[in-house]
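Both complexes shown next keep chain A, but they swap its partner, so chain B is in the first and chain C is in the second.
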Partner chain A sequence: MNTRTHPLLVAFAVLTFLFLVGPLVIIIGTSLSDTAFLTFPPEGLTLHWYQNIFEISAFRRTIMTSFALAVGGTAISMMIGVPAAYALARYRVELPKFLGNVYVLPILIPEIVLGFSLMKSVAIGAGLPIMTSLLLGHALLVLPYCVRVVGASLNAFDFSIEDAAVSLGCPRWKAFFTIVLPNVKAGIIAGFILAFITSLNDVSVSIFLTGPGVSTLPIQLLAHMEQFFDPTIASVSVLLMFVTVGVMAIVERTLGLTFLTK
Partner chain B sequence: MTVSLSLDAITAHYGTTKVLEDLSLHVGEGELVSLLGASGCGKTTTLRLVAGFLEPTAGTIMLGDRDLTRLPAHSRDIGLVFQTYALFPHLSVRDNVAFGLKQRGMGTAERHKRADDMIERVGLGHLADRYPANLSGGQRQRVALARALVIEPPLLMFDEPLSNLDAKLRVDMRVEIRRLQQANGTTALYVTHDQEEAFSISDRVAIMNAGRIMQLDTPEVLYSRPANAFVADFVGFENMIPMRVISEAGDAVRAEMEGGATLDFPKDKFTVPAQDFVLATRPEGLEVSTTDWGIPATLGLRTYLGRAYQYQCMTPAGELKANGPLTNPLEPGLHVNLVPQPEQCCLLPAETA
Partner chain C sequence: MVPFRSSPRLRAWALSAPAILLVTCFLLLPVFSTLATTFGDPEGPFATYAAYFDSRLRMRVLWRTMEVAVITTVISVIIGFLTAWVVAKTPGRLKSLLIIAAVFPLLTGVVVRSFAWLIILGKNGILNDFLLWIGVITEPLSMLYTEGSVIVAMVYLFVPLMILTLVGVLEGIPQDMTDAAASLGAKPAAAFREVVLPMAVPGLIVGSVLVFTGSFTSYATPQLLGGERQMMMGTFLYQNAMVRFDWVAASTVAAIMVVVTLTTVLLMSRVARKLNPVAG
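Showing the complex of A and B:
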């Protein structure tokens, strides 16, 4: 056998693996600990902290808020992002190049800057209600995912297919819904899910826009940690993690993750 | 229903770039006219204008007595076949073909019956339930053809429909296209950059350059009687000799070519069109001869073409190609005269810039 793997390479691979997986194991372990503080390895075994999430009204409320925000923000973002991606793909030649990059700005500028400027403009400047500001903030935050992922699908779409539909008597607006959309469905679902996860896990933008009475789950998590530092934090984290992993698994099974690397 | 297509004084722009200038074109009832030219000559733009995907800046487009100029694309009732086939990937072959009928509000049973009939006619009866991804290029183009034909359009348009097929299939498909077009008596506009393709299936061909039609004629006329130097060059007149009239004596016109050599054109055989003109021929239009009339030349490389020998000839006007008979192979270095054959030469007015 000539194909011996160098022991150092094995060691390095194992270390990397532990580094990636370790924290997840620790947090799952911690969330099961039968103690009133965060500890690892867990002492005793209980699901009490998971039950706790739903007993603390602040968590119940913020879970609802976070999911509503993720759905609403992503929906708004899609309504802007899909037409934008369509225009960018269809009129690639005619439109100036920088226009495509404008839609990626929310990723490029530090999120904390985005959050702060949104607070100054939307929440304080325009004086909008907290929930409205949050919705707008999240829509903006996830817009790059919508435009980029849907755009990747549209760039692979042959627009003469749309022209063919029009030539056969289908008005252009109808061709968009009956011909274009069904063929970029994968991109739209993928974009929606990525945006959804980004919104659900966001702290930096939300922290500037939440206020009295309205908070999101990650923000509530931070607040809870400051006050209690009990394994509820771990259990919420695990919950968020599983929702994210679950959603990604669905994407992987249905569409493949290759679009992420494009 | 057969109608004619008329483009009258069409000018079109992309942004500020003028891509078509004062273009007029008439396609008669049941006629197939090709637009032939290199990329960027405006042939596809013309097709897209007729289809309604672009609007002209000036001029009118008439289909029969219907004015199409400002009509939305989806109301024009034109069958289109695309280079990329442009089938709907999410629909079966049957639903692809039935799509146009569905837009016309036809019931499911009736449109499936008509679609199936048409799929049968293009020879794909056994594939009606397949999806485009599972078809070969040739099969896809047949579906595209069926989809365009099934709506019984008064006008069919083809945008380089065979460019993505391999050579053998291209020939088969163009025969098929011509057959179906003639069987239905549909007026057709066909865009291509392939001269052989255009000449083989068209009633008339428009050779285009820089947004204008250089000549619109039957393939036979284009091939043998190009109207100008551009078309002559395009259809393979490899020898283009610029000349200038220097004197007229009795029954001949004497012209001088670059390098100072002169040639007398008998008036009964040649019509000199202008003071400055171009003598254009294919290699077979210049005969290698030892008589004293012709363009003085020194023979260079000889190549065997099967039906004749071809010689690269050095002349005062530059290098020319001429053919000589197989019965008499000549050696390089020989001084000869190249004799223009009246029926195979064109005297064309020099290009005015």
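Showing the complex of A and C:
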């Protein structure tokens, strides 16, 4: 058949992509404006609002907290999720089929319900400190990414290589670290980075678990927006877009971005 | 390590235990406890639900959320499908560029993406400035805090997800199939209707479920663009829990959200399996 795509359809797709990219361009523009209010196109050019991010202590603090939380939560989740993914791929007969679905429950249950329930049972019920609750909440939230993305790599791994090492006398733990892990490195990096960005951007779980003195960047942004409407929010947003660019570069290098269309 | 060596079964469970423990202690138990509190009313196990369904205000929130989620899903399906169709047919490098353009917003946070619409739709916002400038209006319109503003931002949030889901599906439809249909005399429209669409249906369902449940349970977008006036289930849950400290009411909202999302997911995955012509 090999018909060409109808020009109207192409025009429609162009409009869609303008719709997708336009608002982000507008944010970048407003962040550079030399005015105390948000305006586009920017009037005058300044980097003042970027400097302002670091002058507002609440932003300084929450940026640190958010990054620490994203790294810590993802690390915990990986330490728990990688063995689970390994077991799922390696011991298909020994483990029940539904177990794979148990690990994706954090995506299936509405995030805001999860946040509310964690606040009630863990933060207030069990009286855990704010940072501990946040770490556990985020580790849980990103578990599906850790298990699924690493699992995809593990499913492509030929376990007979590991068996060969073990039968030649290599201890199991050593075979895991020296043979299995290096072979699924791409999956681990991509999983880590997707989990990291999910944690960094999270609102619905964090909003229930943050408390006096401890907040995350997205929650601080929400609070800031309700009081001030200056270009600082735009510059923080641009900062977060830079993180997104970094994340995309890493995913592209490890699994390829087409991984995300599957 | 010695007993592990002898039993693969034990080894499998030992490796899975931490993850199972995390999900059990921090998801299953807390969520069940939330659901359980809704049945603890002294006036009978379903009293809180009866109160919910009797209240016009609360039912209004539920219907509004349903409405926004359904409209968002329909618009996202249309935009997503047509765009994915073009992307899937685009050759090489340009296609990767388009995929990057769809992934980028998807990985950028909800707060940032909703904030963009706050700048665009505000009273002194960019759209009002533009409309005043070209002279279509003489007074700035109030577009924020309406159902429309929430829907626009939600469509913005979910169109990339739809595009990425459908590009994968549409690429998987072999050209041979449409060629075969054409060589047997099918006009392009018929080939599309009889061959492409049925094969895309499972993908359309998966995408729709993601968009529907995502918008039904969203919090940040309705909070920023809908405010108090356009309360939705997510913001209503938060308000009950953290502003009015009525945990039973908040739990009831949570329970309704869980039931609606799980029912949608289970029902639609069954429909998708039934309609899949390949797995048949």
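Everything below uses one rule, namely that the second predicted complex is superposed on the first by the 248 of 262 C-alpha atoms of A that agree within 3 Å, B and C clash if a C-alpha of one lies under 4 Å from a C-alpha of the other, contacts with A are read in each partner's own complex, and residues count from 1 in each chain.
Convention: contacts are C-beta pairs under 8 Å (C-beta built on N, C-alpha and C of every residue); 3 or more make two chains touch, one makes a residue touch a chain.
What you see is a predicted model, and the numbers here were worked out from it, not measured in a lab.
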{"item": "Which superposed partner A:Ile53 touches (first chain B, second chain C, both, neither)", "value": "neither"}
{"item": "First (chain B), second (chain C), both or neither touched by A:Asn183", "value": "first"}
{"item": "Touching partner for A:Val142 - first (chain B), second (chain C), both, neither", "value": "neither"}
{"item": "Contacts of A:Asp158 with chain B and chain C, given as first, second, both or neither", "value": "first"}
{"item": "Comparing the two partners chain B and chain C, which touches a greater set of residues in chain A", "value": "C"}
{"item": "Touched partner set for A:Arg172, first chain B, second chain C, both or neither", "value": "both"}
{"item": "Contacts of A:Val150 with chain B and chain C, given as first, second, both or neither", "value": "neither"}
{"item": "Partner chain(s) touched by A:Ala123 [first = chain B, second = chain C, both, neither]", "value": "neither"}
{"item": "Which of chain B and chain C A:Leu69 touches, first, second, both or neither", "value": "neither"}
{"item": "On chain A, the residue positions that both chain B and chain C contact, one per complex", "value": "94, 171-172"}
{"item": "Interfacial residue positions of chain A with respect to chain C in the complex", "value": "1-3, 5, 9-10, 12-13, 16-17, 19-21, 23-24, 26-27, 30, 37-40, 79-81, 83-84, 86-88, 90-91, 94-95, 99, 102-103, 105-106, 108-114, 116-122, 125, 136-137, 139-140, 143, 147, 171-173, 197, 200-201, 203-204, 207-208, 218, 221-222, 225, 233-234, 237, 240-241, 244-245, 247-248, 257-258, 260-262"}
{"item": "Parts of chain C lying in touch with chain A, wherever the complex brings them together", "value": "1, 4-5, 8-9, 11-13, 15-16, 18-20, 22-23, 26-31, 33-34, 79, 82-83, 85-87, 89, 96, 98-113, 115-120, 124, 126, 129, 156, 159-160, 163-165, 167-168, 171, 175, 178-179, 181-182, 188, 191, 213, 216-217, 219-220, 223-224, 234, 237-238, 241-242, 247, 250-251, 254, 257-258, 261-262, 265"}
{"item": "Contacting residues of chain A [partner chain B, same complex]", "value": "94, 158, 160-161, 163-172, 175, 179, 182-183"}
{"item": "Sites on chain B touched by chain A in the complex", "value": "15, 51-53, 72-80, 82-84, 86-90, 99-100, 103-104, 144, 147-148, 151"}
